[in-house]
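One structure follows; several queries about it will come next.
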Amino acid sequence: MTAVAPEPSLVVEHPLQRPRLPKLAPLIAAVIAAAAAVLLGLSLGWGVAPIVVTGGLIYLVGLSTWSRLVENARAATDRLVTSLVWTALVIALIPLISLLYTVISKGSSSINAKFLTWSMRNVLDGPGGIYHAIMGTLIITLGAAIISVPIGLLAAVYLVEYGQHSRLASWIRFLVDVMTGIPSIVAGLFAYALFSIIVGPGTQMGFGGSVALSILMIPIVVRSSEEMLKLVPTDLREASYALGVPKWKTILKVVIPTAMAGIITGVTLAIARVIGETAPLLIICGATDSVNLNPFSGQMASLPVFIYSSYQSPGANPEVLRQMAWGAALVLIIIVMALNILARVLGKVLSPKTGH
Amino acid sequence: MAKSIDVSDLNIYYSDFLAVENVNMTIKARSVTALIGPSGCGKSTFLRTLNRMHEVIPGARVEGKVAVDGQSLYDSAVDPVEVRRMVGMVFQRPNPFPTMSIAENVLAGLRLNNKKLTKSEAADVVERSLQGANLWNEVKDRLGKPGMGLSGGQQQRLCIARAIAVEPQVLLMDEPCSALDPISTSAVEDLIHELKEQYTIVIVTHNMQQAARVSEDTAFFNLAGAGKPGRLIEMNPTKKIFSVPDEEATEAYISGRFG
Amino acid sequence: MKAGSPKRRLGDLVFSNLTRAAGLTILVALAGVGIFLLAQGAPGLTAGKEDLRGHANFLSYVAPLVFGTLLAAVLALLIAVPLALGVALSISHFAPRRLATVIGYLVDLLAAVPSVVYGLWGIGVLGPKIVPLYEWLDKHVGWLPFFAGPYSNTGRTILTASIVLALMVIPIVTAITREIFMQTPRLNEEAALALGATRWEMIRLAVLPYGRSGIVSAAMLGLGRALGETMAVALVLSASNVVTWNLISSTNPSTIAANIALTFSDATGTARNALIASGLVLFVITFVVNFAARAIVARYEPGRKK
Amino acid sequence: GNEDTGSKTSNLSGTIKGAGSSAQEAAMKAWRAGFQTDNPKVTVNYDPSGSGAGVEQFNAGAIDFAASDAALDPTKGEVDAAKARCGGKNALEVPSYVSPIAVVYKLNGVDKLNLSAKTIADIFSGKVTKWNDAEIAADNSGVTLPSTAITTVHRGDESGTTKNFTDYLSKAGEGAWKYDPDKVWPLKSGEAATGTSGVIAAIKEGSIGYADESQAGDLSKANIKVGDAFTAPSAEGAAKALEVSPIDDTRTEGDLAIKVDRTTTEAGAYPLFLASYVIACPTYDAAKLDLVKGFLKYVVSTAGQQAAASNAGSAPLPASLQTKAAAIIDTIAAK
Amino acid sequence: MAKSIDVSDLNIYYSDFLAVENVNMTIKARSVTALIGPSGCGKSTFLRTLNRMHEVIPGARVEGKVAVDGQSLYDSAVDPVEVRRMVGMVFQRPNPFPTMSIAENVLAGLRLNNKKLTKSEAADVVERSLQGANLWNEVKDRLGKPGMGLSGGQQQRLCIARAIAVEPQVLLMDEPCSALDPISTSAVEDLIHELKEQYTIVIVTHNMQQAARVSEDTAFFNLAGAGKPGRLIEMNPTKKIFSVPDEEATEAYISGRFG
């Protein structure tokens, strides 16, 4: 460095030590804000919600002002942002907790043996059961899986092993991404239009629902399988080629088995995603109150549609049916959660053992 | 069963990038040939042309000739899958198939090629190959356990067992010890000593001492600069290379002045 | 090692073409969605008053629906994105690790709840609970056209629907942005901290710029979801197929998806065709939005690797 | 489960399918349950897809019988289409379901309210916006009406209830109702709710709506002006109003379409009601004949009407109408 | 403005794992101190306690005392943000902010403290810092271009410019040259020579020659085995360490017998 002229420093010097708020400052501020809001609220006769909102605002403004006075502007901004982040979290989680609480508290009282083994056939007064809807949901979703898994998995194999960077592959990849955004009701309309043309106008059947759900499921399967196949080390493919194994066998016997745990996890999650879809089934499967196990003929009930129609058009016994809707919602959530947990467990159990 | 390899006028490309230029060499049967040189000079690339693994990479191709016992590998009528069965390969990092047990790993090459093996034949192959790879005693009690459960050095020997189970005539090894600790390294080096009785072995190594220890002949590759193709500078008996090499570049490299 | 046995080559040929066919099936399916909707929707384009619930032509029928769809989705996004960013940051940079894992699980849980259940909650819990807020807005900021009132005494308004939509969008946006925030190179974060940045300044210097394109595309994906979401809106909204900016009254624009769900079973003949045609419009809108989102991601992704 | 067949013995077996009116859904449920219980090997499917859809599907031959809130409309070609579907013979059409529609409201301190059709029309078309409006007060002397704003609640989905309600307003509303009777609510303002129960649930303090009387629950029901008196909604009132309504004599013999008299002044009659029909062919092939005939006969039988009354809160058909309907159904014969 | 650093009885933890044990040392002002030792002995860990970057890692904490010119860094009243302003840091891999231009990168730290920079002041700082980092001539024509567009060595010097723009009193460098080619390395070494006129510099290096070339004092860290804490074995003038170290372990390490 040649001849450094002593230049005026632009750096604002601060001592290392500076006044800092006590560690418990956020807590203190929270207590004061809560007290102030409650006092104000009680004296003006507010409800709970305004008190909470006011308390929150007092906290946000109070803490950052305090920090600005004692510490400095930067510390104050930091505290403000921190509080905002936590506020956002709380605001986002309150509805979730309310939702889960509502479903569990309203739904659990409906669930009993009759609820799970009866259909709604010939049920006039008093609660019936959702057996027909559970069976419908299982059949329709199974159908969707049977359609989606082979197509999705093979397409993923194409993308990872054959297409790679070809133009067709990048188009498929791009359109698969776009396809993940297709609204479910559009998928339902597509299935309806398809079967209207192929089978006859106004056709409704369970298999149509499977087709509609496949439109939603295939892109998820493709994406997750593709990720999993990409995770298989090139080493393994090369080891197999080096043993004189042809490519297709390498894929079938080495690559796919290695990725299997991840693929199954992905498929399970995809099933969990579509099993709760309502809109397409409303259109293409219709509704019935009897058990129908034949996906190729006649309307088929499903849990989501049962929930929707029990709430929306409960008929002569609204209280009973709405109660059942909450019960069915709880059952549906339990199925979805079980699938999610199953996916995690399968992922763990099936992943290649290292023996360690 | 081992065979010699003749390479003439070989140019190796990644798409349009000429990675290795104009290689001519003869690799003797039933001996160990070491390939040395600074990083990026094309040792691995060259090695992989000897069993047509190079063309697995999209866009990769070669010009020139590689012949095993006079039979050209790159003739259009030759099936690369058959070439790879004849010329086995062991990689830098041990890569047993994670879904398979130790025994299944050894049998993978045969099984995946549709060989129908009876139980006793299979047991034979497993024992013979693992013994060939000096691993039998360590694993004979847990043949059904996953291959991934072994230590790094054991895994590498498992990979060697897997490679020799299909009874190749040539064995290529790309830095087979660089991921191993010293004890495993010496186990593998011992194994190489034994294997050369039966196989033609070509080994890439970064470790000068290792090259000196295991090989009969050594080929030194170098490259003029980044983006330039690698070239074969000198190939000679290992003793000569490490004492009085023909080329100055070889001398500079071996004495550690660069690389 | 003579010429390869034809059987082996056949295996490769068959298998590679099988996988290619699967890939093409996807393209065909996507095209099929457009074609079949067009085929069945076309008669609806020329439908008359009788089949369009009193609207003179298809355009005047679908325009308020498009308006409602966009309004509900944009409102949902305005609510969801700041909250989602907050949640994502709390997971990636604020919460202690164990708490962050718990929050992550909760958010995943939120994503797994079927939309019809959100709808139930929206109409059964949120609607009634939110009426006092609307009353307050009507009274105190009623001069704003958005809160002009008269406020709905059931809470079944487009704002309520948007809040429910926002809840459904939050997990999506959170999931994507938290991934991106967590991938912020540690090096850049430490560079900022070592310069004497506070945590927020570090986020501003290193995390947010790095995640910018990711945030945009996450928001677009959320928008796509909100545009197409059906059941929550169908259950919650008091829909009249009008154009209005009033967010808290009983008279609300419907959305395309909810309108289909609500009127499909009543509709016959050409009216169904018209509904399918409106579905085609929705398909085009979401296609464009998703296309744009993916294009943004594709554009920025190579840059990130540098 | 409940799907196993019961112990009753009947040699009828098979499946028939109907579709149409959602207003009849609850009644259909009762009828199907009753008929299926008597004949365990029979399944009657009913899709409450709406009257229009039901008629359309019937005319397309996709279903065996239809239920509709409106009689077949000759001006829309429905009568001819039905004739074509039934092999050139005129379709049969009999009333099966009659139900009073109540004007329901919720207003603190006001549990009795008199409204004329004109006032109702003014309220629903947005002309009267406060509960203490002079027009309301005029018919309700002695009642203290608050100044609460009125929220009107209507059906957002297509509905026979809406059609009958608007029909009533346009015929009895003394010109205050400017719109044609329609299944789709013609105005944009007000709260839209799906289904009868949706309307009931949407009625909060200060709201007014219309809904099937049987579903009104805790809500207050207004008395409507008939002649000079005010009549509360009831099944008997609806039955009475039906009895004084003439049968449409332009129709063919098997067609019992009724011209509802909305402006009757008969004491005790309640002209704001919904009449709904079942529609079938005069001939069926052997497999369906006994099923369709048996089911429809059950529908119009006293037992059937009673089942509907208790499950759906409908008004049983007057005995005279029941007899006429049963006679028509008896003419159903084999092809 | 440079300051000396006193470390006494310092124990450094990752959660419950004691990574570095009982360090006592004095680092002289306006001089270069090198930290050497085998991988994992805790050089980086120790370095990061000198500007409280250690505590950025969840669960990480220290016991003991670090004082810069007598002022203790770990007092509860001390703001770590201020500490880091006063003690700058340069990392192993260059890490310019990818979304910022060269000039913005240089100004990044200053902008945090002093929002109201005029244009000309900012231009001054950029020029002075880049000149201080020996980078000015190479980039003066493209100050508005992204910092990521520079070569590795230029990026590293940009990071140094960014660090010195806030005029710290101490500069910590964690293997600043290990990701650089020889030419860039020597540019950075030259720079270190110049910077020590003004700054107290602590540098971690794996390269013995580099330590010998750039530093006045050298501290040697070692660890007894995996999972054991690292310790300061010896700290002495570099000349002494590289000729007649006090400890045998130092001698063994420097002569390449391990590490």
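We call the chains A, B, C, D and E, going by the order they appear; numbering starts again at 1 in every chain.
Note that in this section a residue touches a chain if its C-beta (ideal position, glycine included) is under 8 Å from a C-beta of that chain, and two chains touch if they have at least 3 such contacts.
Keep in mind that what you see is a predicted model, and the values were worked out from it rather than measured.
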| item | value |
| --- | --- |
| Chain D reached from chain B - shortest hop count over touching chains | 2 |
| Topological distance between chain C and chain D, in contact steps | 1 |
| Inter-chain pair with the most contacting C-beta pairs | A-C |
| Whole-Å gap between the CA centroids of chain A and chain C | 13 |
| Distance from chain E to chain A - Cα centre to Cα centre, in angstrom | 45 |
| Centre distance in Å when chain B and chain C are each reduced to the mean of their C-alpha atoms | 54 |
| Between chain D and chain E, centroid-to-centroid distance (C-alpha), Å | 86 |
| Touching two or more other chains - residues of chain A | 74-75, 246, 249, 286, 312 |
| Multi-chain contact residues (two or more partners), chain C | 8, 198, 201, 265 |
| Chain E: positions in contact with at least two other chains | 81-83, 85-86, 112-113, 166 |
| Complex contacts: residues of chain C adjacent to chain D | 53-54, 150, 152-154, 156, 238-242, 250-251, 262-263, 265-269 |
| Chain D partner contacts - residues on chain A that touch it in the complex | 117-119, 121-125, 128-129, 131, 201-202, 286, 288-291, 298-299, 312-316, 318 |
| Chain C residues touching chain E - in the complex, by the definition given at the top | 96-97, 185, 187-188, 190-198, 201, 205-206, 209-210, 212, 306 |
| Interfacial residue positions of chain D with respect to chain A in the complex | 1-3, 22, 25-26, 29-30, 32-33, 36-37, 43, 45, 47-48, 57, 60, 62, 194-195, 197-198, 200-201, 214-215, 311-313 |
| Chain A residues within the chain B interface of the complex | 164-165, 233, 235-246, 249-250, 253-254, 257-258, 260, 352-356 |
